[in-house]
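Since the structure comes first, as structure tokens, the remarks are kept for the end.
As written, the chains take the letters A, B, C and D, and residue 1 is the first residue of each chain.
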Amino acid sequence: MIGQGFMGRAHSNAFHQVSHFFDLPFRLERKLLCGRNERELAATADTWGWAETSLDWESAVERPDIDVVDIAAPNDMHAPIAIRAAEAGKMVWCEKPLSLDAREGLRMADAARGVPNMVWYNYRRVPALAYAKQLVSEGRLGRVYHYRAAHLQQWGADTSRAGAWRFQPGVAGSGVSADLLSHVIDTALWINGPIREVCAERVTFVPERAVDDACILLARFENGSVGTLEASRFAVGCRNRSTVETHGSQGMLRFDLDAINDLEFLDATEPPEIQGLRRISVTGPNHPYADRFWRPGHALGFEHTFIAALADFLGALATGRDFHPNFDDALVVQQILDAAIRSAETGSWRAVSASGAAQ
Amino acid sequence: MIGQGFMGRAHSNAFHQVSHFFDLPFRLERKLLCGRNERELAATADTWGWAETSLDWESAVERPDIDVVDIAAPNDMHAPIAIRAAEAGKMVWCEKPLSLDAREGLRMADAARGVPNMVWYNYRRVPALAYAKQLVSEGRLGRVYHYRAAHLQQWGADTSRAGAWRFQPGVAGSGVSADLLSHVIDTALWINGPIREVCAERVTFVPERAVDDACILLARFENGSVGTLEASRFAVGCRNRSTVETHGSQGMLRFDLDAINDLEFLDATEPPEIQGLRRISVTGPNHPYADRFWRPGHALGFEHTFIAALADFLGALATGRDFHPNFDDALVVQQILDAAIRSAETGSWRAVSASGAAQ
Amino acid sequence: MIGQGFMGRAHSNAFHQVSHFFDLPFRLERKLLCGRNERELAATADTWGWAETSLDWESAVERPDIDVVDIAAPNDMHAPIAIRAAEAGKMVWCEKPLSLDAREGLRMADAARGVPNMVWYNYRRVPALAYAKQLVSEGRLGRVYHYRAAHLQQWGADTSRAGAWRFQPGVAGSGVSADLLSHVIDTALWINGPIREVCAERVTFVPERAVDDACILLARFENGSVGTLEASRFAVGCRNRSTVETHGSQGMLRFDLDAINDLEFLDATEPPEIQGLRRISVTGPNHPYADRFWRPGHALGFEHTFIAALADFLGALATGRDFHPNFDDALVVQQILDAAIRSAETGSWRAVSASGAAQ
Amino acid sequence: MIGQGFMGRAHSNAFHQVSHFFDLPFRLERKLLCGRNERELAATADTWGWAETSLDWESAVERPDIDVVDIAAPNDMHAPIAIRAAEAGKMVWCEKPLSLDAREGLRMADAARGVPNMVWYNYRRVPALAYAKQLVSEGRLGRVYHYRAAHLQQWGADTSRAGAWRFQPGVAGSGVSADLLSHVIDTALWINGPIREVCAERVTFVPERAVDDACILLARFENGSVGTLEASRFAVGCRNRSTVETHGSQGMLRFDLDAINDLEFLDATEPPEIQGLRRISVTGPNHPYADRFWRPGHALGFEHTFIAALADFLGALATGRDFHPNFDDALVVQQILDAAIRSAETGSWRAVSASGAAQ
């Protein structure tokens, strides 16, 4: 694994926990942890049980005793590492967003075509969102009219964090678009299908800042629905709120990451007097992942999304099934981000030049 | 009408509004307003269109041009006025609680047997509670196991209101029991049926105070369910919160007066994965009173409960149907309050000596 | 009053109720009710106490014994009636939206300049929204970054209502934009100040329909904030939900019409560990209109917004203060709607050609 | 560790995870897993990395290479194992409830006096409840008037689970009282202090069942407050809901396990117009355990309560501080349960014969 920050911890935790909750034919060994700061590296490796550490990712990705390269480094390192690793025949797992832009993403997707790969859009494994996806797939919403989503954080105004790499365009690509809007887009594509066109507003509230602080898209989906996709680091009052709301001819769904275990659903095919938005605790029975962790009614948290993603990847690997989201899926997110950026520059709608369909 | 305080306004408003929203064969004339303070009386009469005022209720209740006596005076005046009015052959409408105790209540119920009568337990006409009653009556809860209700206010700690008549036992009967627990009990009887036995805890937090500040009942219902019924004036944080929660073999209901237009319902006969507490906006279509006021989705408030109670009374009067809650129903509430007081004195369970079944 | 539909009832109710709750130097007489259907007219007049009825609004608006003309007729009648009434020197009260388009609205505003006038954007008198406005005015949000609002209904898909005048462009102007987005815009201007530019997406989900079923705006406000303003009749699951959400450097506000008495507020100047979105029951004490209706903790509903608007108008009239929203304010809404329509046609941002500042 | 069921997994997980999130001077080794079913034992040991397994707990608890005995076996095994282990000088960790009754609990507490010990009342380590405790300790509620708590499950009506050991009085002690009410009581003692007297209602809804399905206590606390403490397995609609609500002279707190990361707080010392129940996401900053797991805004779940309890125990062990809840604390819970049972038998209030004060 390359990277030892917040995401490095989340991945390390998943590597530990996956075998506790899932029956898998693989046993993960935590071989080698790469990073830039030797002292922190040693501490992280000690805490999380990595056998070795290294400051040199380039030789690491070619070691014959390594089967998987997991990238939890800043965004600008995704492409060089992923391409090198894929060329060395390694499986590649990459933090989101895939790349700095769609062109770079395309090179990565091309390079990775021959190896099993995954992008850590972990919110697809929130059980409540996976259940939302299931309900939509079963046709419980009917024809979809509206899709509305926002990922809202507030730390953008905190000047003490001005030096973070997420504010450097060369490292991060863009600001909140790369960081949070990418999640919003990935979830939207997964639940509501392809996006044809977008119109975007991007704002930087702090004048000297080189990346966007907020970005709002109007989106036209292929299924005829319209929506807004929003992300902000200036949504004061929201630490990490991420909402999805969608209305179809037969019902409505609502999700809020602040209540990560719940999904709200209204069934418009029932008699009108009994209709209401019901709050479903998506902790089982019969819910995604519910038989894997604890019991119905027992809350899961943030980290379980990484464990479940990893388990799904390994399960797909074992059985030869496709896994999503992979590099191709994440490339579509980059294409939409590129369209959004161009839309914001020109003040007009932009078509999404999809190279292929995300899943 | 006798009384010109807060409840006098609520009643006056109902007299004005009932014909705007309900088709009724009666036309209410606001003849005479009685009270104790001449200046306030004149002002209230002017605002609300009462033709005359009087300081003398005793001659008022015998006037031949008066058909209905409405009592919105303090609790100790309910019995003398109601009995005299009933004896004069008038219809009688009485604010809750019916009486200072069950013995007095029995005299009132006996006196009123020959005349149409009503007690203003107005919360029965909250559309969401009326719909809850309907769902229970339709068997949507199955066999009921639990009933839990509380009416919570916070003004008891406000020493500026120490002189209020509600703190004088001779005028109010008891404190929060007469004032708020009576509502809780009436709603419980109506929705969940007769109570067999109670065990009560009554508390007076302010030492010099002669009435109870809080009262909590354990209750055994005839249908085999158990419950807690609570009222407090020291529930800091709650201006006027009143909750009902009940679980049966086939579902659950929840109501909170702070969201007066909503009822929460869980249907346990559905597949478990789709079950959730649904929030129903009880503003139509097909809900109680929904075709009478505004449109589905348009909120009603506190005052509509009085208008709807009055309309139901007049509708029953026109068609010869029974109306509830009447004096007999309210008498049962008094009997349970008496049992609660005795239970609190003895520290043990007390049977409710029901003279008859409330409806 | 001209018009006898749903809004005619809401206005009639306000005329009755205003003197019950507000001390005013005026006494409203319900002189003359105009409409198109003689039988319905008679029934409405009887229910609501109108002295006369007429099918001929043109002579009505010039009667010397009439001081105020209140327009609750379909949108295409607003201009002819309002202009004629203003020219006859009458005060004019007009349902929203002001007009079919901004050009017509400008003629109306010009005509009405000499007479006291009001537009029934009643949601400004929701106590919780009035309190939101107050908190913003007091600077409790600091510099505003985001404003997000949506008015969502679901009846658009109901084919039984296809003949309604709201679906006829010649009568309604536009569809959901005229009907609901106008409310959203008025509230946004009032709470968050002028809008400089908009970019709009308008959708008609039912092919044969000539008006918009949904409209979403991206908006740039003069205060530097950005936002989305949305309205839909295809938001299945929402009978009449209207939400406002705004984030500033010092806090956050959230409102939902489904909980009409509540306002949510987060104070970001508090220590971070104690911060949370607090749910304020805006029923007093010290809240807008709280001393006028019932007591703290007692819910108000839809109709009270009309009563309070009327009271504010009459209070302003008595004291010579300005009243808002008036025709000039409502004209700005029309200008934004026009910009939205042109934006949707061209697929690009449009400046709002403000004739003046709304208040 | 002895026991391999649901709680065995929760404990095993904690043993793995504690070192990933907490800096501790101890390193836990998972030596020996005891149970009754050899095949399941082997599987559990393999999944969770236990070095050995055994069917014979009696010799296990005396092995010199074992420092800690962790008891996750059914309730009737707690006493024999704990006493033997304590006598062998081992540290003892015991699942709740401590014992079958208070007499047995007293023997256990006596035996364990010389060794560090812990009872897994894990809900004390829900960050939101730990923060509630902190606010109460800081005096943010003032004088407490009311405490109201309920732990509600629904599986009691599920006949397919009739054979579970939790329905056997000899194994479980009592039914829902031992299982869930014990949690409610422990949390109440911890947050609101000692209980002087209780009055209980216990119900068995299924006639042939030998344990209680629901139990409700009226409780008088030493601080002068009154409350209800309730537990049920027949609260249809609630998978694992556990609520706490308390009102004091200066504020109100509310918690619901269904929203495990949130605490609601109302500060009644603020101006009345701005007061409201605020929803605090207790995920940091400055919250209990917030610097240990993920970042502010990132949800924790059920399992983290065990990890945090274990970390606190080990931290206390390292520094010589007292740890709570220990056997003495859990004994007080048993004494209250005994008083409740006797109260239900006699239909009257019972004093709690506290051997000492819980903490």
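Everything below uses one rule, namely that contacts are C-beta pairs under 8 Å (C-beta built on N, C-alpha and C of every residue); 3 or more make two chains touch, one makes a residue touch a chain.
Here the structure is a predicted model, which means the values were calculated and not measured.
Asks: Would you say A-B or A-D is joined by more C-beta pairs in contact?
Replies: A-D
Asks: Just the number, please: Cα centre separation of chain A and chain C in whole Å.
Replies: The separation of the two C-alpha centroids amounts to 41 Å.
Asks: With chain centres taken as the means of their Cα atoms, state the distance from chain A to chain B in Å.
Replies: The mean C-alpha positions of chain A and chain B differ by 54 Å.
Asks: Calculate how many whole Å lie between the centre of chain A and the centre of chain D, each centre taken as the average of the chain's C-alpha atoms.
Replies: Computed from C-alpha means, the inter-chain centre distance equals 36 Å.
Asks: Going through chain C residue by residue, note those that touch at least 2 other chains and give them in order.
Replies: Within chain C, residues 238, 266, 275, 277, 281, 296 contact more than one other chain.
Asks: Classify the inter-chain contact topology: is it line, ring, star, complete, or other?
Replies: Its topology is that of a complete graph.
Asks: Okay, in this complex, where on chain D does chain A touch?
Replies: So the residues of chain D in touch with chain A come to 6, 9-10, 12-13, 16-17, 19-20, 47-48, 153, 238-241, 257-262, 281, 283, 294-304.
Asks: Given the complex with chain C, which residues does chain D contribute to the contact?
Replies: That would be residues 131, 263-266, 271-281, 284-287, 296 of chain D.
Asks: Given the complex with chain C, which residues does chain A contribute to the contact?
Replies: Residues of chain A touching chain C: 145-146, 148, 150, 152, 154, 157, 199, 201, 203, 205, 214, 216, 218, 220, 224, 226, 228, 230, 232, 234-238, 247-252, 266, 268, 275, 277, 347-349.
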